[in-house]
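Reviewing the structure listed below.
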Amino acid sequence: MLRQVRSGKMRVEDAVDSLRHMPYEDLGYAKIDHHRSLRQGFPEVILGRGKEHAQVEGIVRGMLARRHNILITRADAALFARIKKLDRRAAFHKLSGAITIVRDRTIRGKGKVLVVSAGTSDIPVAEEALVTAETMGNRVHSLYDVGVAGIHRLIGESRQLRDARVIIVVAGMEGALPSVVAGMVAVPVIAVPTSIGYGASFRGIAALLGMLNSCASNVAVVNIDNGFGAGYLASVINRL
Amino acid sequence: MLRQVRSGKMRVEDAVDSLRHMPYEDLGYAKIDHHRSLRQGFPEVILGRGKEHAQVEGIVRGMLARRHNILITRADAALFARIKKLDRRAAFHKLSGAITIVRDRTIRGKGKVLVVSAGTSDIPVAEEALVTAETMGNRVHSLYDVGVAGIHRLIGESRQLRDARVIIVVAGMEGALPSVVAGMVAVPVIAVPTSIGYGASFRGIAALLGMLNSCASNVAVVNIDNGFGAGYLASVINRL
Amino acid sequence: MLRQVRSGKMRVEDAVDSLRHMPYEDLGYAKIDHHRSLRQGFPEVILGRGKEHAQVEGIVRGMLARRHNILITRADAALFARIKKLDRRAAFHKLSGAITIVRDRTIRGKGKVLVVSAGTSDIPVAEEALVTAETMGNRVHSLYDVGVAGIHRLIGESRQLRDARVIIVVAGMEGALPSVVAGMVAVPVIAVPTSIGYGASFRGIAALLGMLNSCASNVAVVNIDNGFGAGYLASVINRL
Amino acid sequence: MLRQVRSGKMRVEDAVDSLRHMPYEDLGYAKIDHHRSLRQGFPEVILGRGKEHAQVEGIVRGMLARRHNILITRADAALFARIKKLDRRAAFHKLSGAITIVRDRTIRGKGKVLVVSAGTSDIPVAEEALVTAETMGNRVHSLYDVGVAGIHRLIGESRQLRDARVIIVVAGMEGALPSVVAGMVAVPVIAVPTSIGYGASFRGIAALLGMLNSCASNVAVVNIDNGFGAGYLASVINRL
Amino acid sequence: MLRQVRSGKMRVEDAVDSLRHMPYEDLGYAKIDHHRSLRQGFPEVILGRGKEHAQVEGIVRGMLARRHNILITRADAALFARIKKLDRRAAFHKLSGAITIVRDRTIRGKGKVLVVSAGTSDIPVAEEALVTAETMGNRVHSLYDVGVAGIHRLIGESRQLRDARVIIVVAGMEGALPSVVAGMVAVPVIAVPTSIGYGASFRGIAALLGMLNSCASNVAVVNIDNGFGAGYLASVINRL
Amino acid sequence: MLRQVRSGKMRVEDAVDSLRHMPYEDLGYAKIDHHRSLRQGFPEVILGRGKEHAQVEGIVRGMLARRHNILITRADAALFARIKKLDRRAAFHKLSGAITIVRDRTIRGKGKVLVVSAGTSDIPVAEEALVTAETMGNRVHSLYDVGVAGIHRLIGESRQLRDARVIIVVAGMEGALPSVVAGMVAVPVIAVPTSIGYGASFRGIAALLGMLNSCASNVAVVNIDNGFGAGYLASVINRL
Amino acid sequence: MLRQVRSGKMRVEDAVDSLRHMPYEDLGYAKIDHHRSLRQGFPEVILGRGKEHAQVEGIVRGMLARRHNILITRADAALFARIKKLDRRAAFHKLSGAITIVRDRTIRGKGKVLVVSAGTSDIPVAEEALVTAETMGNRVHSLYDVGVAGIHRLIGESRQLRDARVIIVVAGMEGALPSVVAGMVAVPVIAVPTSIGYGASFRGIAALLGMLNSCASNVAVVNIDNGFGAGYLASVINRL
Amino acid sequence: MLRQVRSGKMRVEDAVDSLRHMPYEDLGYAKIDHHRSLRQGFPEVILGRGKEHAQVEGIVRGMLARRHNILITRADAALFARIKKLDRRAAFHKLSGAITIVRDRTIRGKGKVLVVSAGTSDIPVAEEALVTAETMGNRVHSLYDVGVAGIHRLIGESRQLRDARVIIVVAGMEGALPSVVAGMVAVPVIAVPTSIGYGASFRGIAALLGMLNSCASNVAVVNIDNGFGAGYLASVINRL
């Protein structure tokens, strides 16, 4: 097909369109989707949760043959040691447990992605969002520890809020921060509840419900602790 | 016993102490506690929810023989018409459905009680709290429609917040307002979740959980829609 | 005001207090935010749920003095009759109960907003999203009755999916549609669970949970039955 | 009784019928049902969850006196070592933790049983279903990693789906796969939710609710992670 | 295509296969799937819940052009009156609210389908299952009011249980009946929880959980009150 | 007081009545109620859950000065070793973790207490009930592994059921056994849900709900895994 | 059989035993258990919830041929009018909606059954328990409106508590009363949670959980609002 | 700054922006609010849950430069060893895990704070409340092991209850104690549910619901196990 493109028999747009719908490659225990990053123009992602080190290493080996950035979520130092041997560019983001292999530093997002978090304990999830957005080609900023019980801290940073094109707000406990932030801006706010809290926080349910019931209308919610999803969606929006 | 007090055989303090623990009067289907208002120095209260009009009327008749204020919660216009005939001073508070018969206007609360509400729909519960606190001898103020998605409205009223000795915050949906208010003051905040909302508000559970997980420490919570309880507790605190 | 300070007519402390934030206009039972539509460049919105007809009519009268589009959600035919008298351009969208007064037909959204729904019963919520997005200046399309149990219907419409810049997916019961749609495109998908279903659908909880756990990463979720919120957020994204 | 059969005094059908309802044998701490496998024509099964190694070993010893296949679920390598000594034919299925001792390879199921799973993490439960069905005398096939966010993978395998007489679909997270599969075939689909996921998956509740609310009508559901039950029921159906 | 079949250019099997995957007919607000009944060999079904009478009448008109049986669930007497005018063969099943138009009395199921219910109040759901299975071409029997607190009633009917090829068990309250029945037979048991009960039955949740946790392995569960689904699935199984 | 009884100044009944209401002895971190066993005629009980070994040992030392039986629930082998040194009569019930020191073997219960359990895994809770009832002076019998999926086992033991004066039924998973047992007898049945199960058993909630919704009326329920409570209540009833 | 008894060929005990296990009479839509009242020595009971008036009337007609007391729960005035025509002895208990036809006033319970309730709103459930126990041949007393927030009322009635052989405690809201009562007596306490309350009472769940977690060990719980069950079980215990 | 405006050195717009709020001090990963203790007149608090020892040590170092009391919650012996080196006045409260550095022993609370607990297992949470209130300058008393199943113990301490100005009641299991206590006094009662219990206590939910539904009106509730919050709020009230 690519030869047809070269020879002019096929338009580039058609080729891309075709590639977007080519079937997957069947690797036995998994159907790896080599065209996924191409189709969506994003890095290759390995969700580390529940995968064995050997499995992850195997998948990374396969991915290294290509040129995209690679993101591994929920990893640990031991896995990082193995990945580091495969590619010296690998970096470990300790707080969130993310490993990145950045081979393409093109900025694809049109504006800034801002990651806001309520408490210090929410930072691991916030960082996962931040690293994801960065690896996907965005300029990212963060604004941490601006929980609603000290509202003046947030008000003091309103300029930063207004500079962002997409905002990710990470909060546990009562999950009130996204509503306040969303009321101060006119851009989309992606709310990430965290499982931080105790007792009646019910491992993030309180925050999740708070965010779903936000009285601000420019808020949408992802799963509890899903920093990766928030960073991914923010990147999708920021490329529009 | 009161004669003993008069004759000096009994100290006043002892008499009050005794009265506080005198047995109740058994009226068959209910054990009416005539000394309750004396013991706690508060008005007589009839929780109207689920009582028949005739029952309420009967109880009010009995209470009128005494001189305390009377508060009937969750009433309606038809009941008010009957109560109005018993005592012309009866007043109907339409939004909350409360009926009051105020016979004693002594201010017993030492400071102001402020009732704050997030949305217009929360006003019925807020008013129940306000009427309760007022009937119990407090100076009360209200501050409505200052939800967290328009945080500048609340900030603009910070002087009012700082003037209060006790604050009641009423909010449905995500229930985030008490945290923000409590972070701006150094007085007790009583949070009242309301059943306002839809979908994942689960009839007030989202707001309740949000308030229980407040990141501000000067907040305590009462039952969903329990404006009366909040007004009562605020009065108890304001008399200290 | 600052000029008053400079000229010495106002004390510094008073100025600080005033400045804390520019006040909104206080209309007694509500603090109407005349600058909201200006600030965010959007129409004026009245959430009809739980407001009385007279209240809504009053608010609309005030809004008509301005030139923005007006959207009233969750209305009925009786309210429409009253609004129609205020402005002949008022239109009633029967399925969703929305009333619109469109005075500005400028297209502000850069691409198409597509509203997809799973079943016929989900259409009211889908229409609310669609009307909202349209009133906010977007070109909108809809694709209804493409539930996942007849996946060939959705596959057959894949071109429509790829033509959209933002997609809203509305589904009740198992809430599986957003995952399937999101896997077929590279744009943001806003998932709206509906309360359609019975038994173990628990008034939309099943669909909500399904969407929060979506295995596609370009999905974010709003509250159950919140078509308005989805349309609003889609518009915010489509203007970026 | 069997002598009566031999001598012709009793018909074979009646004898089988009687055997099916003979009382159990009381082994003190358990009432072992020696006729169970006969009655239902199935292997002897030991649910390993929560049983001690010595207990399981004892039960297996008893069962070896008979000629049926033996299936032990939720075992581990240490238990396998002990069982291996009892019978060299014992095999360990590492992913699901199942141990099988296959002594009878008769195919009793009339068609193929297909086990489909959504994600790699669902494979342990899928394998338990597969091993169960195989030990019970079925031809089984598997189709893994065909989650709904990459729907083209599933479409590409539609022939395999149509070749099966009973289909087991295993999925965690949003549990959407059974609806899609069931819509593509006209045979019974047994849905197995798994506890795979995090946050709002609530250890399989999201998947369970999704499956119970399936918009396809040829779907029934078993307990979360109950691969054994699905394999067992599929075998019961496949023998009809 | 059918001409190709006639002329011998296409094998019948291939034609049926093609028909099974022909696209749907798009009727605007719904994508009616004319080939559905052909594809799956079943009657045309209209789920009445939440559809307006005119809508249902319209769909029935379209279906009458074909020769399949028609089943309308959750209807009422008024709708029946309208349908009766369209086709005199229409019958109304009062307890369950089902309407059937039976035009094809071929028995397609290979054995008997037995519907068992625990209490008198469960009969409407049981009848929906029974009517569905009957309309789909099965010989059906019923066994009502055999709840587990009077276990001798069920034991007394064990022959009926053993005569069935598929059993549907309908129960509310504690939902224990499917386990008992399943333990007495070697055929598949489809359990239908009902919303019958009060207090801690939580509208069928208690029964649903009981059935999902059945200690018998030949049981699978459908949604609360989903008699139709049970009857449908039983028919799918009984045709195998 | 006892001297008054001896001298005839006080009737025995009055003395017992007084003793029943004598104040407790305040031991600082706990108010030990020395008259509790006297008042209720029962042994002294130490709920071991969450108490440190030293604490339990200390309390036992104090109790040994008296002559009642002693029951320690939820203990382990290490604690037993310490208790054994205090009193050689101490016995350890390994399955339930109960330790008993029986010094009074008087039978106080008027009939037999029967403990029935559904599965082998429920035996620890069943044994706790059995040991409690035995230590409290009852003749106890047990009937294990008679779950409802093999109903003939239970039917075969109906004589045992009819011989009991109080029956305790212990069951996890669907919790159906108490209904079946209660329907076969005319005595009180105390149902104990256990946390045995997985997935949708939700650590005993399924069994608890099943038992609360029992269609038999001679059933009452205690907390999940509360074998002690069941044994205690059975003893209270059996002494009546 | 009865003739065999008369002629001495069968012992009375054996006859009773046989009768206890005679099969039921199959009345088509219901299997009426004529021997139920004989077997358990109790009145005939019709649970009125969800039965039509004609159905109940029919069943009563059948029962009148016998001599037992008849109890109909959850009836209304209209049904009572019909029943009154069948038997003039019928009485209507307005608060609980129970209808009784008492034809046998033998006292079968050995002691007193005491029904205690927390609030005035709990009386309907309390009365159902009381009427049930009375119809089943017990001397019953009641003690109403002794909620735990006025603990002196309960203390003042401690003699009444000690006079009972079985105590039923009915409470909504926090459901704390059974624990307090049970701590004051040495007899069995049957706790009945009611759906009285609002907000976080969740229709009786708060009370139910409170009772299941009672720190007193002589407490068992029945379903929410199940006054009948409590009265029935109390009668079973009181006959022991 | 305003002087700069007056003198013309600063533009009005810049001043407005700056004034929006006075900044806090930004310490990178946390925004430490040095004025917080000043503003509210309370000690500096470090919530230890989830913070690393090094982090806590760092924050304490910073705080030691000031003169307020310091409270660290949820610490352990190892952390205490490090803190002890920073300041010899540090004290470790073993049961609750609190560390205090008391440098200011001024009594600021006007009356006594009484901490009441139901069971021995609730003491850790009770002690956290007690230590918090003490560190915040209150005279505190405690009353432990007065659970409602032995109500005479509580009655015996009624004088202590009446001597308090604010009462904190800590209880797990059914959470009934706050209602009883609140009914005996006329001061505010802060209820703290604990996660003590098992089975249907659901880690404190039963106690939480019980307290929210308290039939006494002078009760408010904080999060499960939130002894710190209760002590903090009690201090806020006691300073009024």
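Here the chain labels run A, B, C, D, E, F, G and H in written order, and each chain numbers its own residues starting at 1.
Quick note on the criterion: a contact is a pair of C-beta atoms (placed from the backbone, for glycine too) under 8 Å apart; a residue touches a chain by one contact, two chains touch by 3 or more.
Predicted model, so just to flag it, every value in this text is computed and none were measured.
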{"item": "Smallest number of contact steps required from subunit A to reach subunit G", "value": "2"}
{"item": "Chain at maximum distance from subunit H, centres defined as averaged CA atoms", "value": "E"}
{"item": "Recurring contact interface, reference F-H, options E-F, A-H or B-H [over half identical by residue number]", "value": "A-H"}
{"item": "Distance from the mean Cα position of subunit H to that of subunit G, given in whole angstrom", "value": "48"}
{"item": "For subunit D paired with subunit F, centre-to-centre distance based on mean C-alpha positions, whole Å", "value": "39"}
{"item": "Where subunit D touches two or more other chains, by residue", "value": "150, 199-201, 205, 208, 212-213, 223-224"}
{"item": "Residues of subunit C defined as touching subunit E within the complex", "value": "120-121, 123, 144-146, 150, 152-153, 156, 196, 198-201"}
{"item": "Residues on subunit B engaged by subunit G in the complex (per definition of touch)", "value": "21, 23-24, 29-31, 33, 49-51, 193, 195, 204-205, 208, 223-226"}
{"item": "Subunit A partner contacts - residues on subunit C that touch it in the complex", "value": "39-42, 45, 110-111, 165-166, 186-188, 190, 208, 212-213, 217-224, 228-229, 232-233, 236-238, 240"}
{"item": "Parts of subunit A lying in touch with subunit B, wherever the complex brings them together", "value": "118-119, 147-151, 154-155, 173-176, 179-180, 182-184, 197, 199-202, 205-207, 209-216"}
